[in-house]
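You will see chain A twice below: alongside chain B first, and alongside chain C after that.
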Partner chain A sequence: MSGLWILFRRELGQTWGRGGGPVLALTFFACVATLLPLAVGASPARLASVAPGAAWLALALASLLSLERLFERDFEDGTLDLLALGPAPLEAVALAKGLAQWLANGAPLALLAPVVAVALGAGLSLVPMIFTSALIGGLGLSFTGGIGAALSLGSRRGGVLIAVIVLPLFAPPVIFGAGVIDAYASGLDWRPALSFLSAYSLAALALGPLAMAAACRNALS
Partner chain B sequence: MITGLHLENLAIRRGERLLFAGLCLDLGAGEALALTGANGAGKTSLLRAIAGLILPHEGWVRFVGARGDLEPEDARSSGIHLLGHQDGLKSAGTAWDELLFQVRWTGGTEASARAACRLLDLERLLELEVRKLSAGQRRRLALARLVASPRSLWLLDEPMAPLDSERRHLFGHLMGEHLASGGMIIAAVHDPLPIPVRRLDLVFS
Partner chain C sequence: MFQALANPQRFMAFSRWAAPVLAVIAAGLLGWGLWLSFSAPEDYQQGATVRLMFIHVPAAYMAMFCYACLGAASLVGLVFRHVLADAAARACAPLGAGFTALALITGMLWGRPMWGTWWVWDARVTSVLVLFLFYIGYMALQAAIDDETRAARASGILALVGLINLPIIKFSVDWWNTLHQPASVFRKGGPSLPPEFLWPLGVMALAYMALFGALWLVRIRAEVWRKRAQSLALQAAG
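Right, the complex of A and B next:
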């Protein structure tokens, strides 16, 4: 257990520090949101109606950015060999990596999501709901994204491959995440959508580490 | 603690090519084995197969402890050091941070890491980033992990290559101590090791 805690703290430090940490993803998120009014027109009414969905789409895209570094560098520099011979199984290693990815990347993005949505014209009353859905959904994005990152190990241009593997799997959280906010904004019952979003994230949390560990073993062999 | 290693009828395939087959080997506590063979003969693959990173095409790797056979997962998670060409030291981290993580992850402590640094003459380098170390210094940092966290089976891939003659002598001494305390070493080498060893020559099949 103490070994895993050491690994988790290290992963958190690495995710936070390497290559600018979450700053890159946050900047990308803000850039995509800035492009939106240029693409659909700056009419406030139109922007406000697409703001939650656009924020969620940008969130999913921004979550992709740091995935390439999740396993690839450890694979190249031999760290993955070391992790495979440690006190915890690779499944637990993958869990620690996924959680660190969520805390160091998903959480800052979840903090920025309401800001982006409000800037696009979403009502201030939506802020808590946007943050909550982005935080819960971010957990799922980190773990399904981790599967793609592990599967693309050893391939050239892994980043593009990750996006192609992972983006289809991002469809459910985008649907339910934007759905929660839409339902909440129009006074409908938002709990079913939030339940589905949570279920997706929990499933990713439970199954992601198994898939990531299997993909890592495959890449090492 | 691993006190014996048995390879039974081991065959390893990489892609379409069968590297070797029918390899049998027994290694006991205090014994060292030098793996020799041409480039591509399968020395690294054999080390990785013993470490469980490659699945053998045929045959078994068995680990024996004081009370009989060990579960391979248990033996590997607490009894093996694998040191290859990639040492897992992040070039952006400081030498001390990188070493300390590796030592703690493999079961050592901060105190044992300090002691290993003294032994390997690394103390002046610990504040530097790993990328600023020379190849020899970097290898000494990687070797410090072996000394700092006690694991009985060392799997080494060309451990001496970047070391100068004085450090080779020192590392020979450390390997001797490891063997004297009941450890085992399998090293893929081209140059002879400065300790008494058995030799296993892998030839192309």
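Right, the complex of A and C next:
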């Protein structure tokens, strides 16, 4: 257990510390949000109607950014080989990596998401709901994305490949995440959407590490 | 039967005559189905465009059927590490993508006169589009990894991830569509098809199945030959 804790702290430090860490993803998120009014027009009514959805779309795109480094660096310098030989199963390693990815990338993005949505014209009353849905959804995005990152290990052109593999799989969290906010904003019952989103994230948390570990073993073989 | 065919030599002997037989069956059924389609009466609302259904609906059905085949082949390939199953999965994906594209394109051609628009973000249309994108992602992953066994295993894992995820995506898209107001141009289908429409539809569905079977066998054979040629070339190079 303590070994996994150390691994988790290491992953957290690496995701947080090197190569810009979450700052890069946050800046990307802000950039996408900035381009939106430039593309669809600055009319407040139009922006406000798409703000929560646009925030979720930008969130999904921003969570792709750091996926490439999730396994690739450890794969290239041989750390992944050592981790595979170590006492902890690769599934636990994948779990630690996914959780660290969520805390170091998903959580800062979830903090920024309400800011972006409000800047685009969403009501202030939506802020807690946007944060909650982005935080819960971020867990699902991290673990689903991690599968793509592990699968593309050892391939040519990793980054684009991860996006192509993973983005179709992001459909459910985006639908439920934006659905929570949409339902809440229009006074409907938002709990079903939030339950579905949580269910998706928990399923990704449970099954994602299995697929990631299988993909890592395959890449190392 | 599958166990017997798992032997590549036996499979090659079997598919050598099975593929042409299936192709002949497919051609016969296609001819019969098309004749039935064109002799079917015109729909009182849709007129002659209803005939597009006999091309469109079986393609959509095959899009999902191919994915089931891809998933099954990937599972067998991953569990038993069987070369032939890997070849089958690899051969299946472009066929599935082709049927999915056919379903999308004929759907657009049908949508233009019937709904008045090429594209509707309807639940079914959207989930078929996601399925198409998923096929593309699968093929991209396979093409991006140089080592063939490794590529087969990685894409096999992706196919299984998709097998779990595609029903979830289907569910979520349906849910999304009921949350947002469904497009008003989309007309819910009638209660049940009259027999003069059901017959051409059924025959065309069988024709597509036979066509897929024939093409799949031919493509698996091509995969086996390609591997054999590769190993011969390696031997010759010493």
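Please note the rule applied: the second predicted complex is superposed on the first by the 221 of 221 C-alpha atoms of A that agree within 3 Å, B and C clash if a C-alpha of one lies under 4 Å from a C-alpha of the other, contacts with A are read in each partner's own complex, and residues count from 1 in each chain.
Everything that follows uses one rule, which is that contacts are C-beta pairs under 8 Å (C-beta built on N, C-alpha and C of every residue); 3 or more make two chains touch, one makes a residue touch a chain.
None of the values given here were measured: they were computed from a predicted structure.
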item	value
Simultaneous placement of chain C and chain B on chain A, clash or fit	fit
Which superposed partner A:Gly86 touches (first chain B, second chain C, both, neither)	first
Chain B versus chain C as contact partner of A:Ser43, first or second or both or neither	neither
First, second, both or neither for A:Pro172, with chain B first and chain C second	second
Partner chain in contact with A:Arg157 - chain B first, chain C second, else both or neither	second
Touching partner for A:Ser221 - first (chain B), second (chain C), both, neither	both
First (chain B), second (chain C), both or neither touched by A:Glu76	first
Contacts of A:Thr34 with chain B and chain C, given as first, second, both or neither	neither
Apex chain A: angle to the C-alpha centres of chain B and chain C, given in degrees as a multiple of 10	90
First (chain B), second (chain C), both or neither touched by A:Tyr200	second
Smallest separation in angstrom, by C-alpha atoms, between chain B and chain C in the superposition	7
Set of chain A residues, in rising order, touched by both chain B and chain C	221
Contact footprint of chain A on chain B as seen in their complex	48, 51-55, 73, 76-78, 80-82, 84-92, 101-102, 104-107
For the chain A and chain B complex, residues of the former touching the latter	3, 6-7, 10, 14, 18, 73-74, 76-89, 217, 220-221
Residues of chain C that touch chain A when the two form their complex	130, 133-134, 136-137, 140-141, 144-147, 150, 153-154, 157-158, 160-162, 164-165, 168-169, 171-173, 175-176, 179
Of chain A, residues touching chain C in the complex	147, 151-152, 154-157, 161, 164-165, 167-169, 171-172, 175-176, 179, 182-183, 193, 196, 200, 203, 207, 211, 214-215, 218-219, 221
